[in-house]
Every structure is written in structure tokens, then in C-alpha cells.
Amino acid sequence: MSSSENSEALVLSSDPLHPANLIPELCRSFYHLGWVTGTGGGICIRAGDKVYIAPSGVQKERIEPTHIFVLPYPQVAPSPHTDRVFLRRPSLNLKESACTPLFWNSFEIRDAGSCIHTHSQHAVMATLLWTGPVFTISHQMIKGVRVGGTGPALSYLDTLELPIIENTPNEEDLKDSMAEAMIKYPNAAGVLVRRHGVYVWGTDWEKAKTQTECLDYLFEIGVKMKLAGLSTTLN
Amino acid sequence: MSSSENSEALVLSSDPLHPANLIPELCRSFYHLGWVTGTGGGICIRAGDKVYIAPSGVQKERIEPTHIFVLPYPQVAPSPHTDRVFLRRPSLNLKESACTPLFWNSFEIRDAGSCIHTHSQHAVMATLLWTGPVFTISHQMIKGVRVGGTGPALSYLDTLELPIIENTPNEEDLKDSMAEAMIKYPNAAGVLVRRHGVYVWGTDWEKAKTQTECLDYLFEIGVKMKLAGLSTTLN
Amino acid sequence: MSSSENSEALVLSSDPLHPANLIPELCRSFYHLGWVTGTGGGICIRAGDKVYIAPSGVQKERIEPTHIFVLPYPQVAPSPHTDRVFLRRPSLNLKESACTPLFWNSFEIRDAGSCIHTHSQHAVMATLLWTGPVFTISHQMIKGVRVGGTGPALSYLDTLELPIIENTPNEEDLKDSMAEAMIKYPNAAGVLVRRHGVYVWGTDWEKAKTQTECLDYLFEIGVKMKLAGLSTTLN
Amino acid sequence: MSSSENSEALVLSSDPLHPANLIPELCRSFYHLGWVTGTGGGICIRAGDKVYIAPSGVQKERIEPTHIFVLPYPQVAPSPHTDRVFLRRPSLNLKESACTPLFWNSFEIRDAGSCIHTHSQHAVMATLLWTGPVFTISHQMIKGVRVGGTGPALSYLDTLELPIIENTPNEEDLKDSMAEAMIKYPNAAGVLVRRHGVYVWGTDWEKAKTQTECLDYLFEIGVKMKLAGLSTTLN
């Protein structure tokens, strides 16, 4: 890595909407929603030429602004095999989120400003009950979701389709299959990972968050419908 | 619209029971109940000749008093095809709730002082398991619900009936079918919208809220009973 | 009634454990547990010769100390047909909880110091799946429950039995059948009311509350077991 | 016991991460997760030569630092038949957690720094649906769990196995069967107790807590899968 400087200024702000304040607050909220229990999951925010990322393997309801990593954007996709450039690394013994290359997919392929990863049980159950490569639902409140995550809102008359990719032991190894799925399903606002969770993005953190809520709602109601023997799409 | 004036005075008050303070607080509470996740749903309050309405398409747990719209009442039903009159519009780039014409139904047809719209999964599941035009339940704690929403309390011996209307892509287009259902079922304290949610009203915000809680409770227990093979009405 | 005096001193205290402070706090907590949504349910506390009771038909998460009724104890069971004596009635337009005669049962028959009433869906579902006069479960964590509610703790090897009485349109009319059930089942720590909820008592508010939690836990796991086809008692 | 001294200094600290501050905070959090309702369950923390333990049979969301017991470590396993040595006992009429000998198992057999006991319904349902001596799941997010609770992280490709021991009327009598199960299953990060709950440990409280969350998540999803007719292991 080219820099190990440790600028507190990049993460200390009295503005509650500063990314380094938002990420801890949102992670606490996601913890209480059951999205990120047990150190899994998280959120990243890209603001202009800076990307703010939470540490890996920590209690998500106890993150502090000083735990946040800051990376410059753009940079060559920070895959496992690439040296990542940092503007700031916490002085503690922390590692940046293992989702970093997957978050990068959302920036590079969809020009997203924020990406959320959850281990929500509704998402995981959806990947178990939809055994094929796509989760599909229609005639539900899907209009909170945008085409491709960053485009116009879906209509009640549209059918929502989300690709499901297969899990890998290392989170970072999902990078290529996630990118493929995003390209194959350009209208999808997120990518499900079988037996693992979901990645959802938006133009900013508000839209990433509200779309994650909408999608989680749809996974939940879809699973309930399937288990009740109801079809989740109308012909 | 006849007015774009921006009077802060209409929404800034140190009284926690002022509608512009209550709406943000109640929306936060509804968010944690799972009624308004992902920007859907909300509440409006009519106080005398003023109607307070939340903005559309925003995170319901983060509304501020300054985001509230104020409209004069009465005025010709503010349907999609009518210019609406405002006493106050937020200076931000916000639009008033798409539920506005539906809230107006509750004022004009039932003389309600408050109307709540939720996307609760219990309501949605009820509209999927009750495939006809009416949700029915009896011999449960229905006595928290009032006849027509603004009349005397129901008795344990009454049967609760709530009409279910079909959803439309645009929320505003539900206005006529909701009004029809309210007239056809004058005793109903709310109207369910298939695959979407429910509208519930009361003479004031407390009664609208407690009735929404009662009805949501009845949807939840009704769905549980149906899924367990139990009948939700006794003969 | 013999007294309509309105002594604030009876309910204003800086001690967080004063009954008039505890009841609002506990009702808020019960609201978030789903025990008292929509104005139903509540708790009363008897401290020496005074009984503290919440008002009827109000939002249980918004009770204030000044809303609390204080009654002298003992007095002839305050049934619907008996004039009740008060030490304090709130100046607002409030009525004491309709559960008052039922709370009195717990004082008179079990010498309880506190009684809790919930509309928990776990309790209601238990009364629907146990169609006879008794809810029974064994070999679960029942040792948090006391014999008769105020006696020694049950053992893991005991079988928990709770009578189920039939509901009536007016809460107060449950007084006699609840008393009968308490006498017929002297070891029961509570009484279930079919399609309605449960009454649980203890020697003080802490024990009433922890026993209500234990019983609600047992209703919940019992319902889950029944729905999964498992027997809730071992032979 | 060799000491009944009552040193406040052992439990009063302005450091929020002091064990006597952490235990009350974590118990409150566990209460809201449904892990320790009705006085059951809890957490202990071992810091160097001191063990901090919560009292038995109290409301877990209302513990105060002054309620905490402090014991020296090591000492002969404080079984029911052994006099326990204390550095501090609260002056109130409290008894140390009945889990004490079971917590000791985690220190002595796994060198754990913290041990958590929950009555989570997901854990209990798992012990009812897995009727044999082991709970097994694979191909889920098990990588938050460590080999033996204090070793390296499991991989997504591993199968998680947790022994299930049979319950006894007195918590302390589980000591020997828990120790046996820990020795027979050296890779297990916890021990389930049939119809009762689970014990989970880690090198420190953070790891004990995140592993308990991971395991609870796995019990929950495993139970859902079983009830949906899905296999929880892939061949």
C-alpha cells in the first residue's frame, strides 16, 4: 500500500451526516434489524473521490468513527491480488472489510455512491427457496426499488428479478461472479449470494438503505408466500 | 398551486404534541414497528382547518418538522387532477405524500382527524389469504376498534369486516375505489389494499394510532390462525 | 365513591421505583414486547394499603405518573356493581382500568402484590391450540414460575398447568370465572382468557413481571412445538 | 467461603469496558434479543485472575455494577459441593449465578475469557428438532465461529457440530455432562442443553458475544430450514 498515514481529520466531524459518523450509526441500526449480527455485513459510502469503509470482523453495533478506513477513488479495483491504496487506516489492529472488492463492483459497474451487504435471514431463506439463478416477485410494493439500483423507480406492474450467485469460502472471491451477474442483469438493484446474504447499492446512502429495506421486505413476504403455498408472481 | 410561501412558524413549536412534531415522532415509531420501511406509508393529522402531511419517498424514521407540508381544509379533494392549495411547502426538493387524496377520503367521508397508511406485512398477508373483497374476524380483541373508525367501540360479540380493494400502480388512483369501499362498508374502520397495505383513520391521531395497532394485531393473529388451519370466525 | 380528592403527592416521587413511576415505565416496556398494543392490557401494583392502577383505554406507552389511580386496600372487591373507593383520581377525563376487579382477585385469593394483564399473541394462540380448559407444558424452563404465583419455584420435573377461562364482552365480567379457576387450580401462577390474553401475578412487581416473561416464553415455545407437530408434555 | 469482604472498588469504574459495567450493559442487550427473559441466562467475564459473575434469579435488564460477584481465578472448580472463594459479594441478598460451575468449565477446558448462557428459543427449538446428541449445519455463514470457541475461524466449507446434552433440574448438575461433551467435541464452540438453552464461550467477551450471535443465527436458520423441509447439511 502506498500510504499508512493516519489522518484523524478524515474521519472526525461534528456533522452527523459525515460518512464516518453515518457508517457507525447505520451499522448499529442494521444490527437491530438483524442484518449484521455476529460481525457479518456492513455498508460503505463513496463521497466524491473518497470511499469510507468499515473494518472487518468487528461488532457492527460498536464501530467508532476512528475505526473507519478511507480509500481514494478511482483506483484499480482493490481485488485480493491488488495492493490497495489508503488515505487513512485506523491505528488499531484492524483490517478493512472483506467486502471491499464487492463494494467496488457497485461503484464501477453502476456508479453507485453506497453499497450495503446484509446477512438477513430473509435474504438467505429466499436463496434457499428460489433454487434457480434468480429471485422473482411481482405485484408487491416493489416501487421503492430502482432499475439497476441507480435508475428510475420500478412500477407496480414490473416484475422484480434479482440474480443469485453461489457462495465462496472467501468473500473477496465473489467479485467476478457478482460482476458477471450485474452485467447479465443490468436492471437488478442487488445481487443475492446463496446461503450468505445480499449486496444492494444506490446513488447515495439514503437510496442504498431504502432499497435494502424494500428488498428485505420483498424477501420476507416472498418467503412467507412460498411457505404458505402462494405463487409470488402473477401471470 | 396558489401559495408557495414558506412559513416556518406553521411547523416550529416547542409543544411535543404539535402535529409537526408528532408526525416525525410517530413515523419513527411506525418504522420500528415495520409499518413504513423503505419510504412507504405514513400519517397525516388534521387540526381544525389545517392538514399536516409528511413528504413522499423519504426515509420515514428521519423526517424533521421542517419537512412537513401544511394544507388548508376544507378544499376541493386534492386529487391528482386538481391543483392543491398549500399553506406551507418545505423549501427542500420534496413532494407531499402520494397518499394525500386518500387521506382526504377519511376527512370527507368519515370526518376523521388523522389517517395512517402502513405497508405492514400482516396487512399484506391478510389480503393474500383472504382472497375475496372482505377481511373478516370475530371473537378476538376487536373492541379497540370503533364503528366506521370514528363511532362507538365494537363489542367482542361483533364481527369485524374490512373491505379489500385492488391495488393500482399509482397510489393516487386508489382514491375512487377507496371512497366506494368506505361508502359500501360504513362500519369499517379502515380499508385494506391488496398486495400493498392498509388505510386506517380516527377522530384524532391517538385513536387513529390505537386502531391501527388493534387492526394490525388482528391481521397478524388472523394470518396465524389461517396458516394453522383455524377458522377466524365462529358461527 | 367516597373520595374524589386529587392528591398529586400520592403519585409524584423522585424515586424511580415508586409505583406511579414504575407503572408508566413498565407499560412502555410491555408495549415494546407486544403485550399491550392498542390500549389493551396493563399492570397494577399494591404497596401496603394502597393499590396503584393505570387508566383504561389509553395508549400504554404514553402513560404519565399523574394518570395513575390510587385505591385503598383492603376494600370490598371493587366489582362492577360496587362503588369503588379512591384515594386519588386523575383530574383528566380518565377511567380506571377495566381490569380492576380481576387485579383484586389476585390480591384477595393469592395475596399478590402486583398483577399483569397482557394481550400477547403467544397467550392467545395458546388458548386457540389448547382447546380444553387447561394449558399444559413440561420439560421446559418452567422453574422461573412459582407455585400459585406466590409460592416456591416450580422444578424442571414439574408440569405447568394454567387454567383457560372463556372470554366475556366486558372485562369486569371475568371476575367470577377467574376467581373460580384460581380456586380450582391453586398451583397456577396465572389464568389464560380464551381469545383474549392472560393474567399473571406475584408477590411484588419484579416477580409478577419475571413470571409473565417466563409464561409468555412458555406460550411461545408451546405454540411453536404444537405447530411443528411436537408434544409439549413428556410421559 | 474464605471472604465476605465487600469492596466496592472491585466493581466501581468509570471505564465502560470494565467487566462490572459491561455485564449489566450486555445483559440488557441480551434481554432485548430474547436470550435472557425471565431471569434466566447471563454472561461472565474473566479478566486475568478475577472472574466477574452476575447474580442469580434477578431481572437481567436491571443489573447494576454493585450486584456483581468477583471470584479469584484459578480456584478449585466451584462445584455445588465445593466452598467457593469470593473477592467480593454484593451486600444485598443475592446469590451468584447458578451457572458458575458451567462457566468454570469454559475457563478450565478451553481457557476462555468469557462465557454466555442463553435460553434463546432458537437454541431450544434446535434441541427439539435435532433429536440426537449433535446439532449439525453446513454451508451457512459459520465462519464467525471459531474451532473450539478459542481457535481459528471455521471455513464456509466446514460442517458445524455442537453437542446437545440432556437437561437436569439443577443448573449446577450439568457441570459433568457439559465437561464430557466439551472433551468429546474439542472443536465445538458451545454446548446445547436440550429443552433449556446453550453455553458459548470465547477468548474474551467480544468473541464470546459475536460467536453467540453467529450460533443463534445458525440455530434460527437451521430451525426454519427443517420446518420448511430443507436439509441443513449438503453431502
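Annotations for the structure displayed:
When the chains are written out, they are named A, B, C and D in that same order, and each has its own residue count from 1.
Here, a contact is a pair of C-beta atoms (placed from the backbone, for glycine too) under 8 Å apart; a residue touches a chain by one contact, two chains touch by 3 or more.
Predicted, not measured: the structure shown is a model, and the values here were computed from it.
For the pair chain B and chain C, the CA-based superposition corresponds to a rotation of 90 degrees in steps of 5.
In the contact between chain A and chain D, the residue numbers used by both copies make up under half of all numbers at that interface. In whole angstrom, the spacing between the mean C-alpha positions of chain C and chain D is 32.
Centre-to-centre spacing of chain A and chain C amounts to 45 Å, using the average Cα coordinate of each chain. Residue positions of chain D touching 2 or more other chains: there are none. If you sketch which chains touch which, the chains form one closed loop in which each chain touches exactly two neighbours.
Chains touching one another form the pairs A-B, A-D, B-C, C-D. Per the touch definition, chain A reaches chain D in the complex via residues 37-40, 59, 119, 121, 124-125, 128-129, 167-169, 195-197, 227. By the touch criterion given at the top, residues 139-141, 143-144, 155-157, 206, 209-211, 213-214, 216-217, 220-221, 224-225, 228, 230 of chain B touch chain C in their complex.
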